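Alright, structures below, take your time with them.
What follows is chain A paired twice: with chain B in the first complex and chain C in the second.
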Partner chain A sequence: MRISAGSTPEVRPFGPLRGGAADAARSLVASARLAWAIEGNWAQPVYLAAFLIVRPLAFLGLFLAVLSIGGSLDVATIGFVVVGQAVFQIVSAALEGPTHALLDDRERYRTIRYIFATPSSLLPVSIGRSLVKASIAGFSALIVIGAGVLLGVPMRAGGPDLLLLVVVLPLGLLSVVGLGIVLGGICVQLRNDAWSYPEAVSSTVFLLCGAIFPLEVLPDPVQGISAALPITWWIEGLRRALLGTTSPGILGAMPTNELLLILAAGTAVIWLISPRLFVAGINRAREKGQLDRNTAS
Partner chain B sequence: MGSSVVGAEAASLISRIHEETSWSLGRRIRHAFVSVVARAYPRVIGAAREPSWLFFDLVFPILGMCSIVFLLRSRGVDEAWIASTILATALLSFWISVVWMMGAQFHWERDSGNLLLYITAPVGLGAIALGMAIGGALGVVIRAVIITVAGVLLFGAKYQVADPFLLALVILAGVAAMYSLGVCLSSVFLISGREADHLGSLLNEPMQLLGGVYAPVRSMGTAGVVALGILPLAPAIDALRQVAVPQLAATGILPVGVELLILLVMTIVFGVIGRVLLAHIERVGRAGGKLLARAD
Partner chain C sequence: MSGSTSPAAVQATGIGRVFDAKGGPVTALDGIDLRIEPGELFGVLGPNGAGKSTLIKILSTLLLPSTGSASIFGLDVVTETARVRRIMNLVAGGDFSGYGLLTVREQLAMFAQFYGLPYREGMAKVDAQIASFGIEEIRDRKISALSTGQRQKLNFARSFLNDPWILFLDEPTIGLDVSAARDVRDRVRAFQAEQPGRTVLLTTHYMAEADEMCDRIAIVDHGRILAQGTPTELKRMVQKDALFVVGIDALPASMSLDSLRALPGVISVAARDADGSDASGVGSPMRRLAIGLKEDGALGGVISALAAGGAHLQEISKSEPTLEEVFVQLVGRGISESDEASNGE
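Right after this comes the complex of A and B.
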């Protein structure tokens, strides 16, 4: 670029969120393509497919084997676990995705400094990486649901409730990705075990969100925390859309329109604060020189 | 050029070189022992110096254990299964250590640059692997105990151990067989590229299912029988359940004595295969110049 006297070059402030919507969209698409290259080409397609099929099915098998200890299983119970387990594949990937992408770029590929040197913003880059991980997990979720159908789980008569699905699916995904980027902004500031925190959060959410057992089994005070998680209502919304039935207990007692309201409100709150927390976290990490460090963890 | 060495002086020099580079069997054993202790040391002492490692080593298994216990309670099963779940989680902490801190360790060491130090040091990879195994097992013991105590306190599980010696023997045999398999896995991970992390994941939940960790091995059908012969988790947990939770003895697929024998054979066979594999991969890796090449 040639700068002549009288012309002012465009000034792009440094930081995790800069430029306009078009810049953000370009960053998001580029990072999504990169994420696909990283996540999708570590093995031959046949091995990749096997991995995406075997692990979620093993998870499902593990839970069904445990449930079968209590006697023969009815299809409603299997359906409850199948949908919960399938959706949680996506929850887990989207929650852990941004942190793992940031740490991969910081410590494994050592490219985070170069992202700062380009016009890209770190926020859309992290969202793009997370969405691809969630999409790949979505394939595993479909496999789990397919296995459920083979096991005789009665799906909603006439197919999924598309209207409910179209509303619930993006709302829940947005809420999980929002929580994921908050985790990313926090974990990038950590020295030790930054990799482990998202998994710990994900495992805790798994315990709390009623993915595989009704909330009533949990101690009373914990049930309140479970009800405050948008993920709990996302999974329940998807159960209603796919199975056409409500879950037992307090999850099933909630009318669908109220469930949607809670999910929408939760997602709005998350997106009101999560970009700010992410930017603050990245800026703090940058000031402390943590963006370019290798913790060897 | 300097003056050449000839005659008696040359013979003396050659003899000195032989003396310094040809080690007696005793010296080799002493050296291997010191190497094993040196590699085991950071696994036990180093791990204790980093409280966050202990925290995460405990948090993940305990959260998993809680999920299974709540799942069991949602079905109203016999409390003996909750006692079994706690024991299984404690045993699983050894398996997780085998997969990630044994199997994947050389892979990580290569990517972080430490494998170069191992290769250039006068130490065999076999001694290092044995040190990792012993240190890893000792380091996990305290975690397994804490998990068991936490499980008992949280869920009120009860055990009736009639023969503590047999219980100790089952745990020891199970842990030895698992770490022996870990030496084999370390060879596999060493030749893995970016798929190593995914390989580690595949060795978790699918193996927990096949090994009958939370549900009886018997419920796995033929796959469970096959697992008894190749996967140390399966006979170890089956025997542990029979010894520590007598109410579930009827779910055992084989007598405890036979399962102990299977674990003993596994320890020897996996140990030998692992040693041979490691030496082979080291030799081929050196020749091909790929031993120290980063995966990504």
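Right after this comes the complex of A and C.
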């Protein structure tokens, strides 16, 4: 299209208009490729192995050791902890992913200004990066579950409940990514020390969501918060799909169809709110001048 | 706002920006009014901390103004950001941005996707830009292994991917060697020459770069535009009269400087030695006369008078002030002093 003083850019200079969804999908795929290049780039395979295999197994061993001191280490308990610990590999990666992507681009790669100044939203870019981090963490989750099998955890007879798994897994992943982008929208408004905030949130959620102990251990008011977290129901859904058993207490008392309803509703609510909060956070960072300001130097 | 009804490439009205800082609010921009026409190469000249980058950030939708409004080709930079971003691009100098793990081609391909180009079309544009910038030999090299000049070429190649109507260049040649800086300037000129209407807003604190490249220049300091106009117009601000240096073998004995000063249109006449210093004494040998005229046309009378007196003309040159002199007059200090002052803050 020819540029002239009288022309207005109703049409993109490089061609016909394309849909917003198509643009978002392109940006998501491009950022996922980038995340794969970044996350998969380990100078030494041994470091990658340490991060993806040794680290989650070390934590699993730690939790099991603590439980064994209390004398409550039976296969059911091990199964409870194994699934919780496995899923939480994904949870922490997805929760921290958007924040780390935004701060990486701002502080380390210094590309955020160039990405922000494209027609693409930072939202699909952050989601793409987060999903890849979560997928790589999924490898760690499989390692933990494999370790559980070796420890004698009885898995569901006849294999995992694939139907339940297919429904629960994406719903839960979506809910965590949704919470992650809210965190990203908050942390991008902050200075360089925001790196550690998602980890703090992730650790808190870890305590609240019944990953390593039943909710009944928590004080009553805190149990309410736990029940409001879709992650709590995600982990319980995955326990049912993988182990074929329910957890003790209020989690186990919930019928599976109601559990799915809660998880779906929670995910829907998160996705109704989280993109708006993310955009509001980005706009606030833009207003404060924090969006492309390198705060580390 | 000017009387023109067609959208300006850039229209800024009363743009102000205040940052919160530990010591209290800091005013980076204070009521910037600007109109840049399509096709112009407009320079913003000022020392470090003058507000140049803040202005570019606001116009390129990276930052919100505290006050005022701005539009790009009629699109508001605050409320119509998505549309503005389709028609503009941005290059900053002196930064080491980029994903070191990606190759040149991979990074360009990624940005092509962010610019909304379908994969095949995007890759075709990527390869075209790689060829255009002559960086084929580094297309598969990782960005971490690029030199500063190569990174800046990559940055420019990225900025051309979406065929922008307006290009914001924030100190694009800072840190580059002479050859790389010349390449950048040539590319910017070629970019504008390829299609009429393409507009460039360039910030710089290199006087020669601004003088050489820009159609118009705004001189900014402490967040304010002190003056704007063509380089010639700005220079006339400090030297309203035409100043010529006339080289002659000697001033004829029958003439004096006063007699030259009495000629129509002549404002001032001063004798200068070859080294430029003032000479004194009528009739003493001299080679150059610095002659101030009300207008260029008055020079004819002076030359005729000198020739009639028997002087032999050896050279004539028009003396113009430099942008540095304009800057010093407007800001009250040299740009290098200003940079030292802001660095020391």
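By our rule, the second predicted complex is superposed on the first by the 269 of 297 C-alpha atoms of A that agree within 3 Å, B and C clash if a C-alpha of one lies under 4 Å from a C-alpha of the other, contacts with A are read in each partner's own complex, and residues count from 1 in each chain.
Note that in this section contacts are C-beta pairs under 8 Å (C-beta built on N, C-alpha and C of every residue); 3 or more make two chains touch, one makes a residue touch a chain.
This is a predicted model, so every value here is computed, not measured.
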Which of chain B and chain C A:A58 touches, first, second, both or neither: first
First, second, both or neither for A:D292, with chain B first and chain C second: second
Contacts of A:S27 with chain B and chain C, given as first, second, both or neither: second
Touching partner for A:V217 - first (chain B), second (chain C), both, neither: first
First (chain B), second (chain C), both or neither touched by A:A37: second
Contacts of A:Y109 with chain B and chain C, given as first, second, both or neither: both
First, second, both or neither for A:T118, with chain B first and chain C second: second
First, second, both or neither for A:V66, with chain B first and chain C second: first
On chain A, the residue positions that both chain B and chain C contact, one per complex: 109
Contacting residues of chain B [partner chain A, same complex]: 50, 52-53, 56, 59-60, 63-64, 66-68, 70-77, 81, 111-112, 193-195, 198, 201-202, 205-206, 208-209, 212, 214-216, 219-220, 296
Chain A contact footprint on chain C (complex, rising order): 4, 6-8, 19-20, 37-39, 57, 60-64, 73-75, 82-83, 85-90, 92, 95-102, 106, 109-111, 113-119, 121, 158, 162-165, 195-198
Touch list for chain A against partner chain C, complex: 2-9, 12-15, 18, 23, 26-27, 29-31, 33-34, 37-38, 41, 109-111, 113-120, 125, 283, 286-289, 291-292
In the complex, chain A residues that touch chain B: 42-43, 47, 51, 54-55, 58-59, 61-63, 65-71, 108-109, 192-193, 196, 199-200, 203-204, 206-207, 212-214, 217-218, 296
